[in-house]
Amino acid sequence: MSTPLTPENWFEYHIRVHPNHTDYAGYVWHGSYIVWMEEARVEYLRSLGLDYARLVALGCELPVVELSIRYHRALSMGMSAVVRTRMVQTKGVRLNWDYQIQSPEGDRLYLTAKVTLVAVDRAQGKILRQLPPILQEVLSVVGSVEC
Amino acid sequence: MSTPLTPENWFEYHIRVHPNHTDYAGYVWHGSYIVWMEEARVEYLRSLGLDYARLVALGCELPVVELSIRYHRALSMGMSAVVRTRMVQTKGVRLNWDYQIQSPEGDRLYLTAKVTLVAVDRAQGKILRQLPPILQEVLSVVGSVEC
Amino acid sequence: MSTPLTPENWFEYHIRVHPNHTDYAGYVWHGSYIVWMEEARVEYLRSLGLDYARLVALGCELPVVELSIRYHRALSMGMSAVVRTRMVQTKGVRLNWDYQIQSPEGDRLYLTAKVTLVAVDRAQGKILRQLPPILQEVLSVVGSVEC
Amino acid sequence: MSTPLTPENWFEYHIRVHPNHTDYAGYVWHGSYIVWMEEARVEYLRSLGLDYARLVALGCELPVVELSIRYHRALSMGMSAVVRTRMVQTKGVRLNWDYQIQSPEGDRLYLTAKVTLVAVDRAQGKILRQLPPILQEVLSVVGSVEC
């Protein structure tokens, strides 16, 4: 299985700043980036053969339990950018993701971030003891195995 | 049971424009009003003794099936306003709501709107044949009965 | 200049339902469609050679003054769809747009909508007497001229 | 000047979970908390006599440059909660804020977070050398002075 990753294993998700993403200052409102980061994550999983909606239908969810963002430069309306993400490490049922939002040419860095997800049993609302096989399989493909 | 309604039966929900509601133009983004309209609806039902989350737990949802909005004036950051809503008519399981968004003093009109909800069986995803008793009771209080 | 339009002059904008678009019911929250409709509009103008951010920089904005939506079916998480839009008529500085949101195969209709924009002078906050030349040019391409 | 602060200097902003805040899982979508955190911040400043819109009109903005969140428990539809915030430290033109989101009774903790703002000159898009007097005055009231 092949995935469209860069040499450093970044998955790239292209976005465009539309009016709804901006605030009174003319730049992207700081919460709008969270939307793009989630979309990039879901599309990365899809590129690996895992439909997130299917994972949910199987009873597993991956809520965000930690999030940290540094805003380096502001994106303004009409600009396009690339949300780069990669899974850096899996500890038990915790999945750690890194993010960079860059200009399409790669010469400007807008944002860096880290997100931690945890696998949860949808019915019981409890943290799973281990990742579901369907998710383990995907992680083994990108080499983001337990350390 | 008494509800905090104006003489013309409007329920009033007070809002304030924060940065996240605005767009690049410095005014409220046109989709942000939908958030306030929904919140006013849910709080109106709560004031009548109906917790929407409880209605959902009982298996009934009230999705929006029609929506029309006229934007008269723009609200800008920091302004406060009043979202006024009332149930104008119930036809079977369709609930029609009217909206006005005004200045707190009532001398400026920002928006008028109409929203139609329909009662749906949550499990089957189908339109209900009749409103659940808990909802009928609430509607009889405001005199918005079938015509 | 050629644009990627269907025989009936629809511009097509492809979207995917992500977690942030959904609500507790598992379907797209009714306000999320407004985001996609605006994005489709801006991308249609871009396909015609008009960058909306540039229009704004030139001092003209196109706020929404009327909006009406009918929700036919609900989209759920993970589904993809096509937002189709076309400019149906221009009356002075009022631009009328039609919308359909369909399944990618075109066999299911999720939403139909109408949106009216009006050209506004950004500095004065007043409705323009006539459309800016840059916008007139674009409209003449799609044959959506004054009637 | 008095502000409605708790003994530990927390400002409290009350919120209610409405349908638009939730996602398919039935809980608050992780990005929705950012909205409430910003609103609490703006209302805190207002309680201290500083209207954020006025600060912006004076040429100063306070964009978020760092943000970190830990999600402890999930809020679900219909629940109410208290967003508690305080300014913990000011270093030059950087303002550090702490957050806790709790149940109204204070017995459940949903979220803890830290946010850093920086004072920016709106016209030039550059970081200010020092805080505007209007903002310094407010900070001296809460004792969050430079360390």
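Chains here go by letter, A, B, C and D, matching the order in which they are written, and residues are numbered from 1 within each.
Criterion: a residue touches a chain if its C-beta (ideal position, glycine included) is under 8 Å from a C-beta of that chain, and two chains touch if they have at least 3 such contacts.
Model, not experiment: these values are computed from the prediction.
J.: Since subunit A and subunit B are copies that touch, just let me know if over half of their interface numbering is common to both, same, or not, different.
T.: Homomeric contact, same residues on both sides for the most part.
J.: Using CA atoms for the superposition, what rotation angle relates subunit A to subunit D, in steps of 5 degrees?
T.: 180
J.: From the centre of subunit C, which other chain's Cα mean sits the farthest off?
T.: So the chain farthest away from subunit C turns out to be D.
J.: Can you work out the whole-Å distance between the CA centroids of subunit B and subunit C?
T.: From the centre of subunit B to the centre of subunit C is 25 Å.
J.: Hey, how far is the Cα centre of subunit A from the one of subunit B, in Å?
T.: Here subunit A and subunit B have centroids separated by 35 Å.
J.: Taking each chain's centre as the mean position of its Cα atoms, how many Å separate subunit B from subunit D?
T.: Each chain reduced to its C-alpha mean, subunit B and subunit D end up 28 Å apart.
J.: Hunt down the residues of subunit C that sit against at least two other chains at once, touch-wise.
T.: In subunit C, residues 19-20, 24-25, 31, 34-35, 38, 56, 76-77 touch at least two other chains, as defined above.
J.: Mind pulling up the subunit A residues that touch subunit B in the complex?
T.: Interface residues on the subunit A side: 19-20, 22-26, 29, 31, 76-77.
J.: Can you list the subunit B residues touching subunit C in their complex?
T.: So the residues of subunit B touching subunit C come out as 24-25, 27, 30-31, 34-35, 38, 56, 61, 63-71, 74, 122.
J.: Report the residues of subunit C in contact with subunit A in the complex, numbered from low to high.
T.: Going through subunit C, the ones touching subunit A are 16, 18-20, 34-35, 38-39, 42-43, 51-54, 56, 76-79.
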